[in-house]
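Given below, in the form of structure tokens, are the structures.
Two complexes follow with chain A in common, the first pairing it with chain B and the second with chain C.
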Partner chain A sequence: MSRLLGVALGVLTAIGGFLDIGDLVTNAVVGSRFGLSLAWVVVLGVVGICLFADMSARVAVVSGRATFEVIRERLSPRAAGANLVASFLVTLLTLTAEIGGVALAVQLATAVEPRLWVPLVAFGVWLVLWRARFSIMENVTGLVGLCLVVFVVALVLLRPDWPALGASALDIGPPPGESGLTYAFFAVALFGAAMTPYEVFFFSSGAREEGWTVADLGRARLNVLVGFPLGGLLSLAIAACAAVVLLPAGIAVTSLSQVALPVAQAGGQVALAFLIMGLVAATVGAALETALSSGYALAQFLGWSWGKFRRPAEAARFHLTMIVGLLVAVGVLMTGVDPVLVTEYSVVFSAIALPLTYLPILVVANDPQYMGEHVNSRVVNAAATAMLVVVVLASVAAVPLLLLTGGGT
Partner chain B sequence: MTALLAGLAPAACTTAQGGVAGDLRRAAEAAAAATSTAELAVELLADGRTTRPAADTTVEDALAESQAAEVAVATLNVATPADADARRRTLDAVQRATTALVEARTWVSEPDLAAPSPTARLARVTAELDALAAELEGVP
Partner chain C sequence: MTRPRLRRRPRAPRPDDPTLLPAPPVAADVLDARLSLLDRQVLDVHGTPVTTVDDLELLAVGREDDASADALIGRDVLVVAVLSGPSLLTRIVGGRAPRSRLHRLPWEIVADVGVGVALAVPGDLLDVTWTERWVRDRLVRRIPGGTHDPG
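Here is the complex of A and B:
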């Protein structure tokens, strides 16, 4: 019974923890401008993150090495160093976006200027990182994040024309008034939002934090294969809510407050309360994960002592990295930069940096010396290699599309 | 990589698609989206379906969007009298949107929701901006 509860808890936290500010904003922007014509990218991104997370967790458990320990071992010092710099900077950018996202979510409940919340949010995140146990931190934010199911409830309450909505999801291509380049840009952004590198650093390092063994691999796979696709459904519900309410009104989403409008329209103040709780939990959870991921990346690469399973004094440089990351995020946000803009750039740069970590994990997941009998099966390998092509294409196309479309504007 | 960046740099520096008319149309559309957003937020507050802080945040964000559109139009360089005229008309329309949003924000922060709602004015400004955007769409 307790084992079943453990499995259920893992799946629920995987669903609740799937969404972050990048998913929330990008799906709403896409829904309000393109309807569901980019739903296929969400499906592709969910398949990609399932493959990536499954491989990296397996590598972490079987080889005893987390993502950046593998990268340090398998790449040349120069390539590995470049990989670290790129991944670390993208993770810092994402951390900045998440801290800003929490502040925006709290603003919805208080109408108080988000910059006033930013230092408090960062302090709160640091306090949790310093004091809370890994499992409590992960489970609480994941479970409260389930409040975002309110998007699915809101969609049902909005009573959309389901056949038309379904047909729009199959109508691939830019709608009238949008160019093909802009459509491609948002396809890359949506893919980057679904396959954020920090999620994988966190997942593989979390396997070490929680002391997973080979016996836990089945449960880990279940969390990924059930939890992430259901999280992907929430992403589609966000886009669908925006497509049903905002698109017909000519409202292209540019702020988090607009994301709340369809939910309030459908479910009133109760639904709005659930939404705000879910937004805060999702962004706080992601801020914790990105802060940890910045510490994991640097500490694993440089061979420092790392992990929340150690007391802070035993992993001082790991904790210091997270503190510096939080201070950088606060510094950037206090300049007055729009957190939504930071979010939009963070998902694009995630897509750019993705091959740097995806490829080494794919290589090691196929290496019998590391993995023994747990190397990729033929099916997984074929799917992961096909996904590598998509990951590289998205990465190569991201910068040209960013420039040619002026960031999708 | 250098060649790629060299090739892309001019693309990043050129005026966005559609020239002056395109820039003005996008500003009008952004302002129309802002007034539509505020209209929806005000309606939801009047119906008791959203909270005052959420509505206030939404209208404040919409106001920032309209102001950004205003700056974009005001700082746009034009070369012909026809473009100058289009810029003046767009600026007037976007400024009316900003004024309507300021009034909407005042209404949202007032304790008495029985005061006349600003939705009609917001709807009127939105329609005006939509018409202007459609007109600019046809300009070569």
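Here is the complex of A and C:
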């Protein structure tokens, strides 16, 4: 019974923890401009993150080596160094976006200027990193994050024309009034939002934090294969809400309050309260994960002691990295930069940096010295190699599309 | 429980291939230092990460007095020490860091080489962890809760 409960808890946490500010904003922006015509990208992204998370968790559990130790060891010094710099900067950018996202979510509830919240939020995040137990941190943010199911409820309450909505999801291509280039740009952004590199550093290092063994591999796979697709369903519900309410009204999402509009219209104050709780939990959870990921990346690359399972004094440089990362994020947000804009850039840069971490994991997941009998099966390899093509395409296309479309405007 | 699966073994080069050099005499397991040692994680006796293998100090058997790289060519080589320091940088941009900047972990304290390099001593006793100790003693330990066990 307690075993079943543990499995259910893992899956629920994976659902609640799937969404972060990048998914929330990008799906709403895309829904409000393109309807559901980019739904296929969410599906592709979910398949990608499932493969990637499954492989990296398996590598971490079986070999005991986390993602960045593997990257350092498998790539040439130059490629590995470039990889660290790119991944670390993208993770810091995402951390900045998440902390800004928490401040915006709290602003929705309190109407207090987000910049006043930023230092408080960062301090709160640090306090959790400093003191709380890893599993408690994971489970609380994941379970409260489930409040975002309110997007699905709102969609039902909005009584959309379901057949038409379904048909629009199959209608691939830019809607009238949008160019093919902006369509492609948002496809890349949406892919980056679903497949953010930090999720993988976090998932693989988290397996070590929680002391998973080979016996837990089945459970890890279940968490990924059930939790992430259901999380992807929430992403689609966000896009659908925006498509039903905002697209016909001609409102393009540029702020978090507009993401909340369809929910407020459908469910009133109660739904809004759930939404804000879910938003705060999802962004706080992701802020914790990105802060940890910045520490994981640097510490694992340089061979430092790391992990929340150790006392802070036993992983001193790891904790110092996270403190500096949080201070940088606060500094950036205090300049008054729009957190939604930071989010939009962070997902695009995520797509750019993705192949750097994806390829080494794919290689090591096939290395018998690391993996023994747990190397990739042929089916996983075929899917993962096909996904590699997509990942590289998105990465190569991202910068030209960013410049050509002026960030999708 | 996963079923045992049939795996393709890596195809070995045919021994009669005339383009291959003759195989070296094998005294023990042959270790490709670049593949199996360089950049691997070094763990101390408690399994705590210490550093990474940034470089290796090598000595040619029979020419122990000659530390130049040329002495290694064509001879059996001993790994004398694991080096840690700014040599990742010098491996990228070229050049060589002065010896004083490199931390030596003598090979005598290495207990095992697997997917990581395991040491037989606690990391705190080694010079190479001085930055960790400095950050710990000057900063992290002084913040309230710094020595609190998280769980």
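Here, the second predicted complex is superposed on the first by the 409 of 409 C-alpha atoms of A that agree within 3 Å, B and C clash if a C-alpha of one lies under 4 Å from a C-alpha of the other, contacts with A are read in each partner's own complex, and residues count from 1 in each chain.
Following the convention adopted for this analysis, a residue touches a chain if its C-beta (ideal position, glycine included) is under 8 Å from a C-beta of that chain, and two chains touch if they have at least 3 such contacts.
Small disclaimer: the values here were computed from a predicted structure and weren't measured.
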{"item": "First (chain B), second (chain C), both or neither touched by A:Y370", "value": "second"}
{"item": "Chain B versus chain C as contact partner of A:W212, first or second or both or neither", "value": "neither"}
{"item": "Partner chain(s) touched by A:W40 [first = chain B, second = chain C, both, neither]", "value": "neither"}
{"item": "In the superposition, chain B vs chain C on chain A residues touched", "value": "C"}
{"item": "First (chain B), second (chain C), both or neither touched by A:A132", "value": "second"}
{"item": "Touched partner set for A:W306, first chain B, second chain C, both or neither", "value": "second"}
{"item": "Residues on chain A lying within both footprints (that of chain B and that of chain C)", "value": "none"}
{"item": "Residues of chain A touching chain C in the complex", "value": "63-65, 69, 72-73, 77-78, 80-81, 130-135, 217, 299-306, 308-314, 316-317, 319-320, 368-370, 373-375, 377"}
{"item": "Complex interface listing, chain B residues touching chain A", "value": "4, 8, 11-12, 16-17, 26, 29-30, 32-33, 36-37, 40-41, 44, 48-54, 56-58, 60-62, 64-65, 126, 130"}
{"item": "Of chain A, residues touching chain B in the complex", "value": "107-111, 179, 245, 249-252, 254-255, 257-258, 260-261, 264-265, 268-269, 272, 276, 399-400, 403-404, 406, 409"}
{"item": "Residues on chain C engaged by chain A in the complex (per definition of touch)", "value": "2, 4-5, 7, 38-42, 48-52, 84, 88, 91-92, 115-116, 123, 131-133, 135-136, 139-141, 143, 145-151"}
